[in-house]
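Both complexes shown next keep chain A, but they swap its partner, so chain B is in the first and chain C is in the second.
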Partner chain A sequence: MTGSRIAAIIRKDFREFSRNRFFVFITLLVLVAYVAVFWFLPDSVDETVRIGVSNTILSTDVGGVTESGTAGFALEIYASEEELAAAVEEGRDGIVAGISFPPDFLESAAAGEASTVVLLVPAGLPAEIELLLEGAVAELAFGLAGVPPPVDPITEAVVLGTDRAGNQVSLQQQMRPLILILVLMVETFALSSLIAIEVQQRTAVAILATPVRIVDFLAAKGIFGIGLAFSEVVLLGLLIGAFAVNAPAVLMILLLGAVLVTGFGMIAGSYGRDFMGTLLVSMLFMIPLMIPAFGALFPGSSPTWVMALPTYGLVQALIRVTADGETWSQIAPSLLLLAAWGVATFVAGAFILRHRVATL
Partner chain B sequence: MTTSSNPAPSPAIDVAGVRFSYSDTVAVDDVSFSVPPGEILGFLGPNGAGKSTTIKMLTGQLKPGAGSIKILGMDMPGQREEIQARLGVCFEEKNLYLSMTGRENLVFFAKLFGVRDFGAETLMERVGLSARLDDRVSEYSKGMRQRLMMARALINTPDVLLLDEPTDGLDPVSAIGIRDLIRREADRGAAVLLTTHDMHEADDLSDRVAFINQGRILTVDTPDNLKLAHGQRAVRIRSHQGDGVDEQVIPLDETGAEDRIREAMSADGLMTIHTEEATLEDIFVEYAGRGLSG
Partner chain C sequence: MNLHRSWYVLSRELKLSPRSPLVFFAIAMPLLITFLVSSVFGSLFDVSPKLAVADLGNSEITAAAVHLDGVETTIVADVETLRRRVEAHDFDAGFVLPPGFDASIRAGEQPELEFYVSGASLASTRIILAVTTLDLVREIEGSEPPVTVVVTPVGNQDFVPISDRLLPTMVIYAVMIAAIFLPAASLVDEREKRTLDAVLVTPTRMSDVLVGKGTFAVVLAVILGFVTLALNGALAAQPLTMTLILFIGSVMLMLMGLTLGLWAKDITTMYTAIKGGGIIIFLPVIFTIFPGLPQWIPKLVPTYYFLQPIYDIAIHGDTLSDVVPELAIAVVVCIALVPLVVWVARRSERQLAMTV
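== the complex of A and B ==
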């Protein structure tokens, strides 16, 4: 009996959702827009720095240097320093900078004389790229002249966060968790609006004047919210290829994410006084909850306060599975963190909604 | 040899010494009343008197701080689900699902009650809405929504009906129809608790009325008894007197009232005869020291 009552409330909620043009429009719009954005994003990363080099006399030799394995560099040859300067200025051929060797470079090097190599860089080039280019000049000079550079330092890099050297994550992959989380957030608003309407129009009171128990009512809202968020995010996941690696793990992550946002939806719905009020309260939750997903777009470790946000585990687990192909055991800490937040938020949401309905 | 007796039916609603407070404000204080099956009890009081709080305790929304509520012999809120299965409630606010049709609203609540065959068409016909059964409630007028609320309250053929301002917003013809419906429900055997601001409605419909003010029940009695006990019954007779109009008010409880009436009626120029009695409003003012409005 309880099951049929819960089912009746869920069917009613779905009917209300499907008849609300705004919800339907925003849901479809979000799906179409995010799928379009996702597939327009570059799906690979070019880790090679393209550098222009002038002086045709050196062309052959420079080519030899490239083939000999100066990893990470691709050299583009230009006939003159003027032509190279123009290419750097216009960003032609994808080059980030240019190196102009003097015509007597080889002779000077053979004679052990110092010569001046001009480095052409566009304004605003990051300092680290400039340093990299200076190193590249030394490397090229060594390759051309056969004379070892005066200093050969050994650098040990300390990588903050995951070392992506040689294994860069494409923008498409970086955006995947963000897009999935954005859809979950949109459903937070849809659910909170439906709950707010139920509270404001006091239809919840009418339901609770029947043999429906408050627990049944909360269960129906929870199941509907989780089902709505989960089904939409899974649909989007299918459209953006989120299940290519370890699909069961991705499904579990999205399910826990749906539990998490349903909890927030119940909280926002309980406090929203009208449409704008619900929107405002929902936004108060949505903005901080999206920070971990935005943070994932940038390299390096997240600050502690970002790690404390409820969606951090969701983002980490998603990235680790979809981008790094990590296994269940490897993502377990993130999954546990997400599950803890999901359960805590859901329980808090149910408690607050219960209190709100009881005081109607 | 056996003897048979007709004991008074046990009350369908039995409220004893109920109290409820919102923080420091006492909303209902030591309220006691009972409603037997087939009776309509009119619950009269101004806004904030404690009517809605009492109804919320009867529906199980609020838990009384003290006292007991028994409905159909069961304890509220202890046996809430069992009671609610046999309870029909018409709320003051029109808490209907606007995006759903009248039929969908009824079917939804029928499922919550676990009622399969309730006859949506028949029910809507009883409240005069059969032609709008499949229209969305958002397209209903205020009065139509009120009638749908009434239909919803009858889905489970309730043994107890709690009606909070059931004719609010209705045109006079629709109001008469709803009052007739309430009377038929009482005739069927349902105990009806009716709150209303409309004195005429309370007078016309209620078997007994309860006056409530500042959270306390002031009195519970039949409208006739209250009128007999309070205020005077009189006959007002107007007749032509030359170019003017003569008006006599003859109190019925005075000695020789019948002779005076007979005399006045037989005189020439008789214009109108009106009987007069105290209204429930007058009696409420006498009890509470204030009117029902406000």
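== the complex of A and C ==
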């Protein structure tokens, strides 16, 4: 393996890549679009259900619920039912529904007499919010009537895992690893196209007719692919603030991710007979590889089959560092899994490409 | 233009299509997108609180919890599983019903209820599940609250759930791949492989080729659009109207596809143009998903004028007469695109003549 020969092939690949100005322009444009979308996403999580009430009956502490509300539940006071109805209709002050108490509610409830409370609900109010409102009104009435709750799941709840109340992972934070992985995946296609063109136009044969050996050719393709994917994803990472926490770990994860997608790029490029064939093979790889990233948007643990996908380690490691701020030792299992998949895929890609070039 | 020769080009496209990865791509992608959008993204935006119950004593509360509207309740085998899965945020919260819990409640006692919440669950979700649990226990207790709750709907009740708002996304995917990508890629591919040169030295003219390829793209796009609507139960008992709208939309996109295919110098340029310009074509669907955004913006994009009628008919129950103004604009856009296609075709013909 000779460094100068490898460098010459890399220079040629880079020239071909950058020669198409339109391609470069759109690649940058897409990068800008990703960044714009990222910063457009909400950077905080509103954990509070805001409810309007038409009376100031809650000016005193009743069962732990006051005008200031409680954790996850806030109240806005309106002077009349009409004003409350208008506020609910317009979604004013962020309220999602309203409770209109009759003027004699306190007295009636305290005397154990049934009174009527009106819930003002807009279209599309989630059923669980209605459950909350009905339950809250009932508990309020029970409290005023002096009937204690048989159980107390509100104050006696046991929190399992890191308590994120008030410090939830925002959609922006959730999307950060997803966007980085999306760009890495797209690079699978970019690299596979470059390789497919080399195979289709048989320029690989021309190159190998020179003193360049197959191992130089494969090394050059690998280095160029990793460099292309890594530089683009690092640039994007800088623009979306992915290096704010444990930058060396993020860089290592992205580098291993670049190795992984380069391996898939080499496989897809070897099998693609033309542009559409290459696109199709790339898509066949990209779709399952994206599943762990999309799965991470959903709460809960991933199914076992998702854990078996090559990008699972990449997604987990990125999320744990960027969203949870975990350390090297904490992400070590995910990192090792990613490294194993990266090396295996890269070796498989190089082997398949070698075989393909040899049969040209 | 000669219709006989156009038919020849069309039949050639039909004959080659089973072997074409592009046609496979055009057919498979809408089905995949329909699956992803309806099963994955729909639930992403529409998340109900998740509650787990470990019932160790055959409590009536469990049956009531399973039937809760707006809360996804799962019964788990034991306390260990419940704790582990709540901690992993598979559930927002969970509670354990020990043996004899119901009897204890009915006896007026205050038994201990193990109630676990996931650290990653929202504060609002925690309070919803806590109040709901309390309500379930109150039912067993048998005590009636000294209050009657009357639910009164307020304002416009015309609410469209997120799963329905995603319909245009699925339709645009189905139609776009067949109507834009297929003719554009086919033209570029034929130019790159010089088979177009071979065809044009016969009496077949460029216009015959474009009509043949365009017809194939439109037929496939209409079929895929129709299948997508049918799969989503969105034909709204107006299949003919939907077919007409899909036809107009497919023609519009096909004309864009032909223009792109004639303009792009190679397949990479074409793909890159779709990658970059796709956002404009997709713009209306973003505004349908997020109705709070200013709704005048999507009206600047041609695809709005066939996507909106489909949406209005499928979701709001409109009829053809209601959507005529939008469709008329879509037809005008189609007519306006024809001279552009002709101009690019002539330019392309001149370039081919120079290279032959």
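Observations
Everything that follows uses one rule, which is that the second predicted complex is superposed on the first by the 302 of 360 C-alpha atoms of A that agree within 3 Å, B and C clash if a C-alpha of one lies under 4 Å from a C-alpha of the other, contacts with A are read in each partner's own complex, and residues count from 1 in each chain.
What we mean here is this: a residue touches a chain if its C-beta (ideal position, glycine included) is under 8 Å from a C-beta of that chain, and two chains touch if they have at least 3 such contacts.
Please read these numbers as outputs of a predicted model, since none were measured by experiment.
By the document's definition of touching, neither partner reaches A:289: not chain B, not chain C. In the superposition on chain A, no contact is made by A:261 with either chain B or chain C. When the two structures are aligned on the shared chain, A:202 is found in touch with chain B, with no touch to chain C.
In the superposition on chain A, A:358 makes contact with chain B only, not with chain C.
Applying the stated contact rule after C-alpha superposition, one finds that A:185 touches neither chain B nor chain C.
Of the two partner chains placed by superposition, only chain C is touched by A:126; chain B is not. By the touch criterion defined above, A:229 lies against neither chain B nor chain C after alignment on the C-alpha atoms of chain A. Counting residues of chain A touched by each partner, chain B versus chain C, the larger count belongs to C. Legend: residue contacts after superposition of the two complexes on their common chain; A:210 is shown touching chain B, with no touch to chain C. When the two complexes are overlaid on their common chain A, residue A:15 makes contact with chain B while staying clear of chain C.
Residues 20 of chain A touch chain B in one complex and chain C in the other. Looking at the complex, you find that chain B touches chain A at residues 59-61, 80-82, 84-85, 87, 89, 91, 93, 95-100, 104, 108-109, 111-114, 152.
Chain A contributes residues 1, 4-5, 8-9, 12, 15-16, 19-20, 201-203, 205-213, 358, 360 to its touches with chain B in the complex. Here chain A touches chain C in the complex through residues 20, 22-23, 26-27, 29-30, 33, 45, 47-49, 70-73, 85, 88-90, 98, 105, 108-109, 112-124, 126-142, 144-145, 147-154, 156-166, 168-169, 193, 274-277, 279-280, 283, 287, 294, 297-301, going by the rule given at the top. Across the complex, chain C meets chain A through its residues 20-22, 24-25, 32, 40, 43-44, 47-50, 68-71, 83, 85-93, 95, 105, 109-135, 137-138, 141, 143, 145-161, 185, 189, 267-269, 271-273, 275-276, 279.
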